[in-house]
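Same chain, two partners: chain A is paired with chain B first, then with chain C.
So, the complex of A and B:
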């Protein structure tokens, strides 16, 4: 279509009102989907509308969502990190190893975040310093990081985490509000503010839309990308902390396949996989949508692998339907 | 640029030979012809899938659903065999290729008609295909005693000392070498990946070419699905789990640029062989198989860092598909 001269475009004589734009936004559509799923679930299972059950259900998405926030920034900036689940495996293995040498909870937190940071830096060096495509680099490190876990652990598992360590993944703040839920909210606010209210956030969008023009407008493109990889690494380290604490043991296969769920969450949240647009509120709602779908199906005794069919359909459906709609609205101009 | 390509493959071939020599210096049995045939046969599925993936990557797309496609087709073939043990293998081969091509066409049409980024499409279909295996099989295994002898015997039957599985790979390599170099379709794949805009001006339908690449990749995955299930004589939900990454790794190691347009059949084959040799050599040199994942990860990083010098001028438009739909 690019080769034909642009036909006389409809030029609006006024801008859409704020409300109209808001109502048509991805986030509102997604919120409607979330509410619909919630209502359907209420009717589908009598066990759904129970505070403790719902509290349990949040574990379905809190750890993934923590990574998804950082991943959203990374994808908006036009890069991707497929190694996040492997970073979890490596960080968890490092924690398990440290426990064998008598590390306490404070050390474990430090180790987990440090491993996450180092893995993020490793990715960042390959992408920003050597200038390699992030998708290939992180497919490589995805094997490498998890591979190191396998070398250390083999068929074994690490157990014996200190009792106080359980707080991260099993603790409650008040009533049904879990510690992980609190972290989820805190990180959502932090990342929302960083992306939507700071110069750094503007730089992320600018880089995603056009890295060259971002560079010429004075943004240190590579430095911003470096920081984003570090953030994704640290968040993966933090998720490793929560997941390991919740499970109470470490196997090298921990969190396998989670990178896909994180990317799904980000894309479902309206972040353009090609970079340049997206929002944190969208990712938050997407986290709830995915959590509710998984939990609701779980209550109906649907096996996990069948749930992943729904997640896959959701991922393609939410992107395909608006495009299909637009094609039909254009009167199948093709 | 053109002179760099043969050089790159020479280096990779040299690396594989060097690796074999190092292993041979300690364990001469590894390079015995009989064992090398085993290694090649073991690598054959990876070679076949890497060829399909190469075509997809050349057109600036990526297909992460190949392993799930393989597993689903394999399960369907196994179930057909259980239900109709008398069905000739040739029919099963046709069914496998068609079913795989159909799944590839789903990917291709979503990429072509709806312009959804390939990585999103195939991430989605990958999980969907896996789930469908569970739905049709109820999570049960199809074991060797349920399969007919001709079904499991076909990929292992030897012709001139080489199993049919290996011959399939050889045939695929020759076909692809011919197709990429000598047919308009093969050249249009390079054109689409090299410069989609220019491809449109030369009258190539970019979206359609990408769609066909997916169909081709799917058909190969389907065909391999039957061969895989028959060779290992078992079918279940998780067969070839994570194999899609190994396939992409083979392509990357073989010097196929993820930015599209750069790569060769020889590269894909050598990349697959490199991974195959490493995988088979580990138990021989007494290294725990748990090292394999880390080694192939390192190989990807080294290969991509090495190949980057050749592709530096191409920019890094990794995830962008051609924005010229027809």
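So, the complex of A and C:
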């Protein structure tokens, strides 16, 4: 990519080839970053290149990525949900409460997904029926959902989850492949197909680019948005399931601050924060980039405060780079 | 691309500089995992850990923790420490239970795991180090008052609420050892509900009801500050000594004014020091964490474990005019 100098006075006889477009795409840039980080990590720490260590490292991003897939669709459609981490807290609290009354693993799965669905529906009603801005609504529900957890739990914690429940967050399929990793791949495929290969996916892009014209093209804009909020809620419920299973206990502070990491992952994945463009492969690669960076820095015992500085620099750097590149390629722009 | 690679490469160099000594393999590496970075109490504990490391010689301290006090953040940190095969992990936990699976995996891979300050459930650690114990605290609060009353005198207790578990236990332990301090009379126990204004009114009331009162013992950080203020406002500095449990940062004024001669609370430096010593003993010197065992911890003597493999480090540390300036900026 670097050794393809942009000709200054060249009028192309045809549009970019498929390959050139692919090479210039966000996903390839991000993949190159991921590979670079991987290589740097291999040299920086002797412990990095170890199957079990890398397997442990996947926990840094699998749960967040599950939500990020649904969030990507929502952001492409021009909306956002900042209450996802609070939905995790509420779903986890509901599961913990159910365990006190003897619920088994199957019931817990149902409760978690149901709470996620209800929270998503709650957000969706305010945004699509009452027409309120999603950022305002979900900042409100962010406090509301977690607030309910604090009222129920206070300074206490729920524990005593059934042994079979640990499968979701602590189980392995084969060798180092964790159950969460499997779910991560399955959801990546499902959301990739839905966004890139279905009419629903086309509708999501259309709404994000221009909701009014989408409406006049016969797309039921509010209904699509309603479904997207439900999906984000359900995925948060599922993430709550995995995280609670991994921790083995519930506190109201569970997953606090995760909503911003999810949004960071989506934006790093090339989704336009203003809606209209983005892809699931981009989000998948972004998940790996964030996981590799945090784990690599962790191996070097870099304090978490410095780590968040790196994540911030990474986000700004990766987003600013193509803009700078385009400006330099044009030459005259600056 | 090249710009970015340079960025990443310089980032890697920067991080390698942070962690330079971490790659030296012959040192014993003990990780001090705290609830969150940037808290004075834990920074002081890290100082103590480094003191212990200097004393032991071949020990490297990895002081780490998440940016906010979540269990998930601590698990990420612990996973990274397991991957590095550190020799020992000493953790002050954000969650009693959530860290257990991660710490069990650490122990399976031969890493010594202890908790200190804020404990982990017994199945997730080899031992837990408490900063002190209820009998030691109960004894300390009456001793602090008695030390300044060589001829005996009247003391009163200003507690938190009538249902505060900790305070009730400490007062109970205190009354058990009152016989060791002849001439000291407990004239009253009042409750300020851990509210500054109510504690202030109760302390003022005590001085009016008992004009000969010599000391107020407040085993609560809210009550002790309010009582000291009440003594100053009543013009009784030098007549009534306020003591008990408080935080150096909040009590510096009361020490300076003379309303309080001394008070006590845990010493975070000693806590980090002894956690490091214990981790070293278990990891390198073959000490076994079993009920009844006595494990040495350097200048602080030894830790005796109870049936839950928990032990109490020492008496609460006494703060007075001689050391308050050193600690008031810490916590």
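Annotations for the structure displayed:
Rule of thumb we're sticking to: the second predicted complex is superposed on the first by the 313 of 334 C-alpha atoms of A that agree within 3 Å, B and C clash if a C-alpha of one lies under 4 Å from a C-alpha of the other, contacts with A are read in each partner's own complex, and residues count from 1 in each chain.
Note that a residue touches a chain if its C-beta (ideal position, glycine included) is under 8 Å from a C-beta of that chain, and two chains touch if they have at least 3 such contacts.
Because the structure is a prediction, the values reported are computed rather than measured.
In the superposition on chain A, A:323 contacts chain B only, with no contact to chain C. With both structures placed on the common chain, the touch criterion links A:308 to chain B and to chain C. In the superposition on chain A, A:215 makes contact with neither chain B nor chain C. Contact with neither chain B nor chain C is seen for A:176 once the two complexes are overlaid on the shared chain.
When both complexes are overlaid on chain A, the residue A:133 reaches chain B alone and has no touch with chain C. In the superposition on chain A, chain A positions 1-2, 303, 305-308, 313 are in contact with chain B in one complex as well as with chain C in the other. Taken together, the chain A residues at the contact with chain B in this complex read 1-3, 78, 80, 126, 130-137, 139-148, 150-151, 154, 252, 260, 263-264, 267, 273-275, 303, 305-309, 311-313, 315-316, 319-320, 323-324, 327, 334.
Residues of chain C that touch chain A in their complex: 1-5, 7-9, 11-12, 15-16, 18-19, 22-23, 37-38, 62, 64-73, 75-77, 79-80, 82-85, 95-98, 100-101. The part of chain B that touches chain A in the complex is made up of residues 62, 110, 113-117, 119-121, 123-128, 130-132, 134-135, 139, 197, 200-201, 237, 245, 248-249, 252, 258-259, 288, 290-298, 300-301, 304-305, 308, 312, 316, 318-320, 323-326. Against chain C, in their complex, chain A makes its touches with residues 1-2, 29, 32-33, 36-37, 40, 43-48, 50, 52-53, 56-57, 59-60, 157, 159, 166, 170, 243, 246-249, 251, 253-257, 294-295, 297-308, 310, 313, 317-318, 321.
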